[in-house]
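First subunit A sits with subunit B, and in the next complex the same chain sits with subunit C.
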Partner chain A sequence: MSAEFVFATAQYESGDWDSAPLVPPNIIDTIARYTEISVAPTGIIVPLSDDRMLRYPLLYMTGHLPVRFSEAERRNVKRFVERGGLLFVDDHNHDIDGTFHKTAVEEITRSVGALTDLPNDHPLYAAFFKFDGPPTTSHELNGWGDNLVHKHLLAIQRNGRIAVLYSSKDYSSEWNYHPDSKRFMSVDNTRFAVNLVVYALTA
Partner chain B sequence: MNIFAQLRTVRMVLVAGVALRALVWGIVAAITLIVGAALVDLAVPVSLAARSVLVGVAVASGVAVMVALSWRDRSALSLPRVALWIEERFPALEYALVTAVELGDSEWIAAGSTQRWSTTAAGRGARALRAPIALAVIGIAVALLMPSGAVARMRAPHAGDSLERARIGKRGSRLTPLVAEVNPPAYSGEKTTVIDEPNDIRALAGSVVTLRGRGNGAGVVARVGADSVGVVTRGDRWSITLHLASRPAAVRLADSSYERIIAVEPIVDAPPSVTLAAPAHDSVLRVARGRIPLSADMTDDFGIAAASFEYIVSSGEGETFKFRSGTLGATQPNARRASIASSLLLDSLALKPGDIVHLRAVARDANNVTGPGVGVSDTRAIRIARADEYDSVAVDAAPPSDADKSVISERMLILLAEALQTKRPTLKRDALVGESHSIALDQKKLRRSVGEIVFTRLGGDPNGEEHSDDDSPQRAKTMQELLARADSATNRSSDPIDFAGGESPVVAVNKPLLEAYNAMWDASTELEIGEPGRALPHMRRALAAIQKARQAERLYLRGTPPRVVIDISKVRLKGKDKGTTNTRRALTSSDSAARARADRFTRIVELASHDAGAAVDSLLLLRVDALGEEPAFAAALSDAIAAMRGNKTDDATSALGRARRSLSGAPIARDSLARWGVIP
Partner chain C sequence: MPSRRSRFELACRIGAFALLGWMLGSSVIPTSGRRLERATAAGVGAKLAAWTRLPPGVVLHGDFSTSPDAGSVDWLSALKRSGHVVAWSGTPPAVAMSAEAMSDPNGAVRVDVAAPGGSTVLVRDDASVIDSVRVTQFGASVVSPIVVGGIVGRVGSQRFSAAAPDSARIGAVLVAGSASWEGKFIVSALEERGWPVIARFSVAPNVDVMQGASSVLDTARVAAVILLDSVGAETMGPSIEKFVRSGGGLVLAGSSSLAPVTTALAPGKLGTRIRPAELPKDTIRLGSTGFYPVSVLKQDGVALERRADGIAIAARRVAAGRVIQVGYDDSWRWRMAGGDGSERAHREWWSRVVASVAYVHGAAATPGAGTDPAPVARLVDRLGPSRDGVLPIQSRPPIDKRILITLIMILLIAEWGSRRWRGLR
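Coming up: the complex of A and B.
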């Protein structure tokens, strides 16, 4: 098995799992930029219904449309979490109680358990960069989305570590740009992804 | 009364005596069995199963004794034997009575001497009854003298009657006897069950379990995990009441130095299982009109309270989506198995191109304690096609494609050529060349139609290769040359095609047809010179190529995401200085819980070698902890516990071995050593 970290995007049968295709390279670029973690230069897309998904410590899942897991997907998500994986689910709709939110939360609850607020002083926010909670996104503040700032991420914790991390903050929109465009930014908004990866690999 | 009538009277008295004696001995046998079992039960509890068959066994024993005694004394029915019996008691008869019976002549006996026979017979019968009646009286007296309820436990045994069992000797633990009464939640419709001396209680989550013992409850301590449970005393009984949650628990009971552990295993009410029968698969519709029939089948272990279809309509694309949802066909089956049906009117949803309708069936059970359990079917997506994707969703009937028609034609030409080759020896040269030329003309027409397909696809010019009816001297001599021409016709560029590095999709798709085209050309050349035998291999090659072309899968590619490859070295500014990041902790092994369980199991097995009782309790607690995550392990532990309680060493060893194997996982079977001789 390769020792390098491979960023994996979860493919599920329902919905538009590939709605943020530039997030993986952007996060890989960020990992390479700030850390010495050995990282694969491209991400991988892995079906949730395929046992290969169990090989990756971090799975990124997003979309706009309703999430309905098949039996195989539900079973694999449960196994993935039981084996210590971290499933990061981000609502690409950046809304509360939208359809992605309702259906994804329902499926996660059925597969793994109930989501609860993740405290803003959780070790995740200090795993690499220091944050006082989940970084806000422009989509929360520009009035285009739901015009709400979400104070917490949601999570399911197992044995003291995060097993499922759920975000309504739409990092998928926030990070969905070509890595070369980072040079136009005064502050890199993908730094939180470093915390996410470092936490998934070390916690 | 003559002597024969008197003799029959004596026989009747003797038979009655025999019957009565057999009956009373039978009753004595039955009473002895029941009273004896009751006496044993006072010292050692007799199991419910044994007591349940005891009455039947007692009756059978009584009947057996009665039949045996009656059979033994059946000679009382015989007149000669009755006569002999009388002769034995009245020797003065000097065999006159036996002679009279044998000869049938009553003159041998004086009439006056017969009266005493009946009296003697009655007395004999009465004497024979003394012993059994005395024993029966003793048995009944013993039964009456026994403690209250002792005989009733034998006569009418039922679950939970261990509390009514009388005891001999000093008072022991109040934890024995113990009875558990399990009241399932009302929605399940299940009956109350009673368990004597429970060690494991399996009951539906939400059930109320009452543990009852004898005596005053003061001093009896009950705990579930770290929580204490109140002990209630009512009369001469103490009890505790537990409400079964959805997690297994161990109930610890303590009475001074006595302790007892009872595993309580909740059976979780499974949510309904739902299968969406129609629509059977995802679909793409060209227009959003009409009615889609919906049907679903569902089952539940206790009953389905509500069922319906749910739909979500998602509209929009990119970053802008809107959703609508609703339910259809809501029913309340109130049955364990149900089928529901409805229909979705597409017109009423006002769907637009690009909209997606997500459909599923949902069922809820009647679980009002830990539920309701919700079961959902797979989701089907019905998408309304956009105008720009009609080519991939056309469902209109269409005639066979040109490629299909070409297959048929080429096959016919091959048949003709084969027939001509078969009859070639019988034909003159001119006739052979004439017929072969005729086939060559058809082959040429077919080649031209294939060429039209290919070159229309490639460049829009159906005459891209053939400009006249005559054979073109510029015909490509090789596949590479032909494909180069095709590609240049498509791309209008003079760049050479890189066959090694990959082809454009257009060339790749048309390659088999181009090959067929070339083979047909070779075939027609051979046919024109009257050589159908040499033409046939080319024709068959053409046929195979056409079939390959028509069997090729058509791929409709959606936009693929841009493939961005990060140049890690570049991002890291190619620096050689490897700075250190923050300290990382070692990754916690994900199977730490399983390892901890294995360690605990090992310690318990070691404990079993010198303290089996403690090991059983520890195994019970381990079983309770493992029930949720390792059911196979828990089942093996259950067997081990049962075997250890029954002092069955071999069974316990086998069950513990199974438990160990289930912890370690399935053995890995390999056909051979790994390639490098390393077993991973």
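Coming up: the complex of A and C.
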């Protein structure tokens, strides 16, 4: 086991957990590009039902389809949060009427607790780059999904720290491209991922 | 030539008058031998006033199965200094007690007791019983989150006591190093345990993430520093040595003692990181994923934890400060992926590590009036050692005067009877 940061994607038994396969390498590229954080060059996929998910304190979870946790998954998510892990869940549908949003929120509420709005002046938004709130995505601005620009992310906090971060903004679509394509962008749209990782590692 | 009976009558008269004369003389003239006054620990207090009025030649002797109270010992000591012969015998249990405020944000007090091996010590404060402990070879300790009034220990009927210390004032813990899970979870553990924490994590060139107030390295504000790696060590620079020498605590975690700025402070030299041949497949325990061993201890370094692969934890004093070298660099895995209760165990473990070196304001108790932390030591100090079997005088009790009078009566009756037998008046 090395001491470097490993970006981990959560695999769950229901739904399409692997709907954004390019997000992990893109975020790893971003971390290596902007920070000195020692980061593993490749991410890892870890089943939520496996106790080894506890070895990765930042877990990324996404999908389009309904989320129904098994008993083992529910138990592990609860332990993960209680021990200080941060679960980042992103709705790949960008649709608050969609099945992922409804079922994922239900499962999170059942396993950990109720999600509430995260204030836009939360330290997460200043952990590395400065943001006035959650950065918008092209899917939001183009009116896809629920046709809403979500002003807040949702979160569950424990002991003053974010334990579960929930996004309806569809970062999974926004960041799901090959890192080499960043050179064509005027502004790197994955910068918020740096904040997420730095916050997870330092808060 | 007087008859045999006349000689008998004469002897009886001489004997009776001699005894009378001796009784008369002993009541008027002091005996040439020393008089002995004795008392037990429980009764000596009541006799002290009377003993003070006795002539200096009288031997005052204590039969002490327990040590008398401190006031009585002081009084006996004063009598001894004023010319009385004061001695004692017996084997009261050698006991001692000290109380110290722990460097713990929850304000706990540790009571250390020394007593004969195998004995049971009951420790209580003014409110209630705190605990009872069985003393092993090296004494015993009791930790109480709160103490009301004074602390009293009891071994059998031997009582001893100590003053409760004031609560320790705890400074902040500064955690510095690269942004990592280890740093994050050390900070979490300490904060959850109540320690004020200042964190400084390096995330990019010239970019540090700060948490908590500005960290001036001063024992008035900072109790201990935890350096996570060489980045943290270099961030502190030479100020860390000044901080330690002035009493601050330093925890050199992981590879931080490889940094040149800390090598002079470290208890030993770090070796190459040990990695287990096979990684644990299920729950993770502290050290089961490897550690940096202390390969060479300095002369004044002390190994605190040895594992099969080497020394995992070592410590030493540097001037007024204390330094502990912790070879573990991924204790967070123990917290996250350990068995049930590992989160709490990780929290308590790191709190103890920090407490072992942290600078504490006013931790020691000031001796309180009326306390007697080491009564037997006080007894020996004031009156000298026990004099079992070497009493300064014969301890034979004086002859009862009723026996003497009876003897005189027998002699006189015998003399009178003999005379009457002979027909004389």
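Heads up, the rule we're going with is that the second predicted complex is superposed on the first by the 202 of 203 C-alpha atoms of A that agree within 3 Å, B and C clash if a C-alpha of one lies under 4 Å from a C-alpha of the other, contacts with A are read in each partner's own complex, and residues count from 1 in each chain.
In this text, contacts are C-beta pairs under 8 Å (C-beta built on N, C-alpha and C of every residue); 3 or more make two chains touch, one makes a residue touch a chain.
Just so you know, these numbers come straight off a predicted model, no measurement behind them.
Asks: After the overlay on subunit A, what do you see for subunit B versus subunit C, clash or fit?
Replies: clash
Asks: According to the stated criteria, A:P25 is in contact with first (subunit B), second (subunit C), both, or neither; which is it?
Replies: A:P25 sits against subunit B, while subunit C stays out of touch.
Asks: Identify the partner contact of A:G113: answer first if only subunit B is touched, second if only subunit C is, both if each is, neither if none is.
Replies: A:G113: touches no partner chain.
Asks: Using the touch definition from the top, say if A:G133 reaches subunit B (first), subunit C (second), both or neither.
Replies: neither
Asks: Have a look at where A:R55 lands relative to subunit B and subunit C in the superposition and call it first, second, both or neither.
Replies: A:R55: touches subunit C, not subunit B.
Asks: Taking the superposition on A as described, I'd like to know which of subunit B and subunit C A:L201 touches: first, second, both or neither.
Replies: Touch partners of A:L201: subunit B and subunit C.
Asks: Touch check for A:R33: first (subunit B), second (subunit C), both, or neither?
Replies: first
Asks: Between subunit B and subunit C, whom does A:P66 touch in the aligned arrangement: first, second, both, or neither?
Replies: Only subunit B; A:P66 stays clear of subunit C.
Asks: Under the stated touch criterion, which partner chain does A:F5 make contact with: subunit B (first), subunit C (second), both, or neither?
Replies: In the superposed model, A:F5 contacts subunit C only, not subunit B.
Asks: If you tally the residues of subunit A touched by each partner, is the higher count for subunit B or for subunit C?
Replies: B
Asks: Which holds for A:S173: it touches subunit B only (first), subunit C only (second), both, or neither?
Replies: Only subunit B; A:S173 stays clear of subunit C.
Asks: Give the stretch of subunit B that clashes with subunit C in the superposition, choosing among 401-409, 563-571, 581-589 or 617-625.
Replies: Comparing the options 401-409, 563-571, 581-589 or 617-625, the clashing one for subunit B against subunit C is 581-589.
Asks: For subunit A, which residues lie in the overlap of the subunit B contacts and the subunit C contacts?
Replies: The answer is residues 35-37, 82-84, 128, 159, 161, 198, 201-203 of subunit A.
Asks: Provide the residue numbers of subunit A that touch subunit C in the complex, in ascending order.
Replies: Residue positions touching the partner: 1, 3, 5, 34-38, 51-52, 54-55, 57, 80, 82-85, 127-128, 159, 161, 198, 200-203.
Asks: Provide the residue numbers of subunit B that touch subunit A in the complex, in ascending order.
Replies: The contact residues of subunit B facing subunit A are 312, 314, 319, 321, 323, 325, 356, 358, 360, 376, 378-379, 381, 561-568, 571-572, 578-582, 584-585, 587-593.
Asks: Under the touch definition given earlier, write down the residues of subunit C that touch subunit A in their complex.
Replies: 178-185, 188, 191-192, 199, 201-205, 207, 209, 211, 254, 275, 279, 282-284, 289-290, 329-330, 332-333, 335-337, 342-343
Asks: Quick check on the complex: what are the subunit A residues that touch subunit B?
Replies: Residues 14, 18, 21-22, 25, 28-29, 32-33, 35-37, 39, 41-42, 64-66, 68, 70-71, 82-84, 93, 98-99, 103, 128, 159, 161, 173, 178-179, 198, 201-203.
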